[in-house]
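Chains here go by letter, A, B, C and D, matching the order in which they are written, and residues are numbered from 1 within each.
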Amino acid sequence: MAEGLFDLVLAGLLLMLAGGALYGRSLYTSILLFVTFGLVLALVWARLGAVDLALAEAAIGAGLTGALLFAALARQGRAPEGEFDLACRRRGLAAAAVLLPVLWLMLSSLAPLAERDSPLPELALAALPHSGVEHPVTAVLLNYRAWDTLLELAVLLLALLGARQLGSGRLDTARPWPQLRAWNAHLAPLLVLVGGFLLWRGSSAPGGAFQAGALLAAGVVSLRLAHLLPPLRWSFWPLRLLVLLGLALFLAVAAAGAWLGQGWLSYPAGWAKPLILAIEVAATLSIAASLSLLVVGERREPAP
Amino acid sequence: MSTPLFWLGVGCVLWLLGLHGLLTLRNAVRRIIAINLMGSGVFLVMVALAIRERPGDPVLVALVVTGLVVAVSATALALRLSGQLARARKGDA
Amino acid sequence: MNAALLSLFAPLAGGLLLVLWRPARAGLALGVALVSLLAAAAALHQVADGTRQWLEVGGWAPPLAIRLQLTPLSALLLLFTAGLHLLVAVYAARRPHAIGGADFWPLACLLHAALAALWLSADLFNLYVTLELLGLAAVALVALAGEKAQRPALDYLLLSLAGSLAYLLGVAILYGRYGVLDLFLLGEQATADAPTRLALLLMTLGLMLKGALWPLHLWLPAAHSSAPAAVSALLSALVVKGPLYILWLLWTRLAPTELAVQAGPLLAGAGALALLAGGWAALRTPLLKSLVAYSTVAQLGYALLALGLAMHWQEPRLEAALWLFVVAHGLAKVSMFLAAGELQHTLGGKRVVTLKGASQTLPVTMFTFVTAGVSLIGLPPSGGFLAKWLLLQPLLERPQHWGWALAVVLGTLMSAAYVFRVVAHGFDRARPQPPQVRPDRFGQWLTLLPALLVFGLALIGERMLPWLEGVSR
Amino acid sequence: MSWTSLLPLAIVLSSLVPGLIIFTLREEQQRLRVTLNLAGVALKVVLVAAMLIGVSDGLTFRFSLPFLPGAPLVLQGDALSLLFVTLSTVLWLATTVYAIGYLEDSPLRSRFFGYFSLCVSATVGLALAGNLVTFLLFYELLTLATFPLVVHRGTPESLRAGRVYLAYTVGGGTLVLMGVALLHALAGSPDFQPGGYLDGLVEERGPSLRVAFALLVLGLGVKAALIPLHGWLPKAMVAPAPVSALLHAVAVVKTGAFGIVRVVYDVYGAEAMEALALARPLLWLAAATILFGSLRALQQSELKRRLAYSTVSQVSYITLGVALLGPLAVVGGLVHLAHQGLMKVTLFYCAGNFAETLGVHRIREMNGIGRRMPLTMTAFTVGALGMIGVPPIAGFISKWYLGSGALEVGQDWVLLVLLGSALLNAAYFLPLVWRGWFATPADWHADNWAGERWETHWLLLLPVVFTALASVLVGILAGTAISPLGWARLIVDREFPR
C-alpha cells in the first residue's frame, strides 16, 4: 500500500514536472523543471530497481543534459518568446484531442504485456559465468550486445563531429570567482575518484563506463569553467586520440576476433574479463573526453 | 493494478506528452525538451517491462543505458544547433 | 561473411583514422571506399546463388545476442553504398566546393559504415542504433553547409529523433510481447494481436518520418537542398533508403501476413499520393536543388507503392521492383544532385531560370541531368524503366488493379514535366547565363558516370532479379 | 553470332556511332563532321542494300539481347521493316546533304548533326524492332532525340513549340508504354509475326485486349497525327527546314503510322481485329483525319503550316489502308508510306529553299517564284501534283490501290473520302502552283543568292531534284519488282498467304 502510494506520488510529480518543463512560463523555468524532472526520474529508476539507470540518469540525463540546456540558454539569451498565444493554445487543445484517444488505445493494447515474460533474462543469467563479468547488465552491454555498444560510441563521436560544424561552441563565461576555483580544485579529483570507482564496480554491480565517463566529464567541465584547465582544442591530436580511443580499441578487438577466427566481437576464452575491462577503461576516457568537448569545446580551428 | 502496468501507463503518458509538445511548440529548446520527454517515456515503458520478473530483465536495462547515451548525444547536437541558430538570429537583429 | 564485415569495417575504421590523422584525407577516404567496394563484391559473390549467411555476433546464440545476416540483397546494397560513396568521394576530391568542409571525409565514411551496419543487421534494437547513427551522420553532413543549413539541419534532427523514438517504442512493445529482438525469430512467433498492431503502427510511422515517405516528408526538401552538393547526393541516394529497408524487413519478414495484407493498401495509397504531391511540388518550386529534392519525395512514392502492393498481394515480383527502384533512383539521383551542384556553382545561381542556355555553356552537365532525368521518368532502356516495368506487370494483369497503374502513369507524366522543365531552360538561347567560373571537365564527366550506370543496369537487370526477389524469405 | 544476326545491329550503329562522335567535335571541325556524316550514310546504304538482297532471297536477320524478363531486345529485318528502313536511309542521305547546305555557317552544328543522327538511328531501330518492347524503346528514344531539334533555334517561339511537342509525345509515349506493358502482362512479348500472336486470348481477355489496342493506337496516333492528337505538328514547324522535312516525311509521323501497321498486322492480326471489332473505329478516325487535315490546310496562309496540315491528312491514308483490312488496301497504305515520304520531303525542301533564298514564308509571297527559281518550283509542282494524285507520279499509285482495296472489302464510302480529299488537295495545292508559275513576281525583301550560277546553293538544290525525280520514277516504274509497290506486294503476299 505504502509502495503504491509512493509510486503514485512519484508518477504525479514526474508528470507535473514534465508538463511544466514543456509549458513553463519562461524558458529558464522550463529548463529548471526539466533538470528536476531528470532527478526525479533517477529516483524512479532507483525505485524500480534499475540502479544502473539511476546512476546514468543522474549523471547523463539530469547533470549533463542540464548543463547543455543551460549553456544553450546562455547562448540564446532571454529573448521574448511570444510562445503561448491564443493560436498556440488552440493548437495545443487540438493536438490533445487527437492524442487522448491514442493514449487510450495504447493503454488498452499494452495492458496484457504486463503479464508476459521473456526468455532472455534466464538465458542472460545462464550465460553469465562465461561472459567475463558478474553484473548481468554489463554482460549484456559489453558482451552479448557489444555490437550495439560499439555503434553507440560511434553515435557519440558523430554528435561531436556534428557539433564541430557549428562554429564556436565557446561559452562566454565570466571570470570565475575565487571560491569556485578553490572549490572546483577539490571537487575535480573527487569526481575522478568516484568515476574510477563506478567503472571498477561496473563489472560486478551497477555502474560502468557511461556513468563513470559522465562523472569524469563533469569534473573536466567544472575545472575548465574555473579556468583551471587550458582550452580543449580539437586541433590537439592527443585529445582527438582520447576521443577515439574507446571506439578504436573496441573495433580492433572485434576485427582481431574476426581475423583470428574467433568471430566478430567474440572474446577468446579466458580473455573476456581483461578485454572487457580494457575496453571499459578506454570507453570511459573517450566518453569523458567527448562529453567535455560537447559542453566546453573550443572554437573550430581556422581552416588549413 | 500491478506495478509494471502502472509504470507502463506513466511511460505512455510521458511519451504522448512529449509528442504533444513537439507538435505544438515552436521554440527550439522546448522542442528538444519535448523530444527528451518522449525518450524518457520510452525508457520508462522499457523499464516497466523489465521489472515484470525478479530480478529485473538485464537486457532491457542495458538497452535503456544504450538508448540514454544515444539520446544525450543527439540532444547535445540539437542544442548546439539551436544555440547557433539563436545566435545567428540575434546577429541579424 | 568476413568479406561483408570488411566492407563494414573499412569505412568505420577509415572514419576514425580520418578524424585522427588529418593530412591526406581524400586519398585515405578513396582507399577506404575502394576496399569496401571490393569486399562487398566478394560478399555478393559468396551469396550470389541465393543463399543466406548468418553471423552471430560474439558467438552467442540468437535470442540472447545480435545476429547479422548476409543475403544477396544486403550484399547488393553494400556494393551499391560503397560504389556511390567511392564515386562521390572521387568527385569531392576533385571539386572541393561540393563538400562544405574538411570534416566531410570522416563523416561520409561514418555514414557509409552506418548504412553497411544497417543492411547487415537482423536485430530490431541494433537497427535502432544504426538508424540513429545514420541520422546523426546525415545531420552533421547537412550542417557542413554552414549557417544557411542550420535551420533545416535542426528540423531534420528533431523529426528524425521523434521518428526514432516512435520506432523504439514499437521495439519495446514487441519485446514486451514476444520477449525477443531478433527479427526472424519474431517473424516466426508474431500473431496479429493488439500489441503487435500498435507496435507495427508506431514503427511504421517512425520509419516513414525518417525515410521522408509521404506524408511525413516535409523536412526533406529543405534539408536536402541546403546541403552541399556531394552531401545532397549521398542523402538522397542512400540515407532515405535505410529506413525504407527496415520498413520492408518489418512488413515482409516480421509482420503476420494477415496484417501485411491489411496495411498494404494504406502504404500503397501513401505512395501514390507521394508520386503526385512530390511531382507537383517539383513542378512548382523555383529552385533547382529543391526541384531535385522534391523529385526524391516523388520517387520514394514508387518504392512505397511497390512495397504496399507487395504486402497486399504477397507478390515477390513487386519486392524486386521496389529494390530496383531504390538502386536506379540512387544512381540517377547522385548524378542529378552533382549535376545540379555543378550547374549552380558554375552559373552562380540557385534558380531554375539561371540555367538559360546551359546546353551550350555546360553541355556535358546538362546531358548528365537529362540522362539521369530519363531514368527518373522511367523511359527505356534505363534502370528506372526496368523497375517501372516490373511494377506495372502485376498491376496490369487484372483489370481491377488498373487504378494503381493510373497512379504510375500520372507519376510518370509529372516526372517528365519537371525534368523537361529544367531541360527546356537549358535550350533557351535568348539570354544565356554566362558561366561565373570555368567549368571543370573531369568533374562533369564524372557526374555522368552514375547516370550511365543506370542504363547499364537495364542490361544486367535480368540477372539481378533473382537477387532481389524472394531469396531472403 | 553470324553476319545475319549482326547486320541489323550494324545498320542501327552505322548512324548512332557517327552521331555520338559528332557530339564531341568542336564547331570548326566542319570537314571531319561532314566526312563522318557521309561515311555513316554510305555505310548504311551498303548495309541496307545487302539486307534487301538477303530478305528477297528469303534470309532472316535477327539480333537479340536479353533485356526485360521475358522480353529481349530484338532487331529483325523482315520485308515490312525493310520498306521503312530503306525509305529512312534514302531520305537521310538526301536530308544530310540538304542540311549541310542549309546550316552552313550557323551555330551549334555539332549538336544539330549529333541529334540528327540519333534521330535517324532511332527511326531505323524502330523499323527493325522485332517485338513491342524494342519498338517502345526506340519510340521513346526518338522523342528524346527530336526534341533538341525542334528547339534548336532556342527562341521563345521554338521553346513554346518544343513544350507542346513534348507534352504530346511524352503523353503518347506513356500511353504506348502502358499498352505494351498491358499486352506483355497478357501475352508476353514474342516477336512480331504475320497474323499476330493474340489468337488464343481473344475469347478470354477480349476487353483487356481492346483497352490495350486503344492505348497503343492513341499513343501511336500522337505521332501519326491522328485527330484530335495532331496539335503538335503545325507548331513544330518552327524547327529548321531539314528537321521539318525529316520530322514530317520520315521520322516522327511515319513511325506512328508504321507502329499502327505493326500493331494491326503483326500483333493483333486481321482475324483478331475482326473478332474484336477494332478495325471500324480506326477506319473512321483515319477518314475523319484525312478530311479534317485537308480542310485545315486550305485555311493556312503560311506555306510550312499548309504543308504540315497536308501531312496530317496524307499520313492517315496509311492508317486508312491498314484499317480496311483487305490485301489491296494494305498495299495502298504501305506503298503510300514510301510515296508520301518522297513527295512530302520534296515539298519541304522546296519550302526551305524558298525561305532560305528569298525569305519567302507566306503563300502570297510565292507569286512568280518560278521565274526566279525554276528548278525548285518544278520540283514543287511535281510534289504537289503527286499529292493530288495525278498520274504517273507516285501519289496516284497509292490512291489507286487504296480505292480498289476499299471496293474489294465493300467499304464503298471510302471512295468518297478519297475523292473529297483529292479535290481538297487540288484546292490547296493548285493555287500555289499557279501563283508560282503565272502570277506577277512579288517584291522579295532579300535575295541571298542573287547573281550566282544556280538559283540557290547547290547542296540545297541537289536533294530537291533527287527526291522529285524519285517521286516520278517510283510512279513510272511501279510495275517492277524493285519499286516500293513491288515490295509492298511482297510484304502483303507474306502477310496474307493465299
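Side notes on the structure shown:
One rule holds in what follows: a residue touches a chain if its C-beta (ideal position, glycine included) is under 8 Å from a C-beta of that chain, and two chains touch if they have at least 3 such contacts.
It should be emphasised that the depicted structure is a prediction, and the values quoted were computed from it without experimental measurement.
Averaging C-alpha coordinates per chain and comparing to chain B, the farthest chain turns out to be D. Two chain pairs, C-D and B-C, are compared here, and C-D has more C-beta pairs in contact (counted per touch definition above). Chain C and chain D have Cα centroids lying 43 Å from one another. The geometric centre of chain B is 28 Å away from that of chain C, both derived from CA atoms. Centre-to-centre separation of chain A and chain D, using mean CA positions: 73 Å. The distance from the centre of chain A to the centre of chain C, with each centre set as the mean of the Cα atoms, comes to 31 Å. For chain A, residues that reach two or more other chains under the stated contact definition are 106, 110, 113, 116-118, 120, 124, 144-145, 148, 152, 155, 158-159, 162, 166.
Residues of chain B found to touch two or more other chains are 18-19, 32, 45, 49, 63, 66, 70, 73-74, 77, 81-82, 84. With touch defined as above, chain D holds no residue shared between interfaces to two or more other chains. Chain A makes touch with chain B in their complex at residues 3, 7, 11, 14-15, 18-19, 21-23, 27, 30-31, 34, 37, 41, 44-45, 48-50, 52-53, 56-57, 60-61, 64-65, 68-69, 71-73, 75-77, 79, 81, 83, 88, 91-92, 95-96, 99, 102-103, 106-107, 110-111, 113-118, 120-121, 124-125, 136-137, 139-141, 144-145, 148-149, 152, 155-156, 158-159, 162-163, 166-167, 169, 208, 210, 287, 291, 294-295. Those residues of chain B that touch chain A in the complex are listed here as 2-10, 12-14, 16-21, 23-27, 29-30, 32-34, 36-37, 40, 43-45, 47-53, 55-59, 61-66, 68-70, 72-77, 79-84, 86-87, 90. Residues of chain C touching chain D in their complex: 357, 359-360, 363, 370, 374, 377, 379-381, 386, 389-390, 392-394, 396-397, 399, 405, 409, 412-413, 416, 420, 423-424, 427-430, 458-459, 461-462, 465.
The part of chain D that touches chain C in the complex is made up of residues 65-69, 73, 108, 111, 133, 136-137, 140-141, 144, 147-148, 151, 153-156, 159, 162-163, 166, 170-171, 173-174, 177-178, 181-182, 184-186, 207-208, 211.
Residues 125, 128-129, 132, 135-136, 139-140, 143, 147, 150-151, 153-154, 157-158, 161-162, 165, 168-169, 172-173, 175-176 of chain C are the ones touching chain B in the complex.
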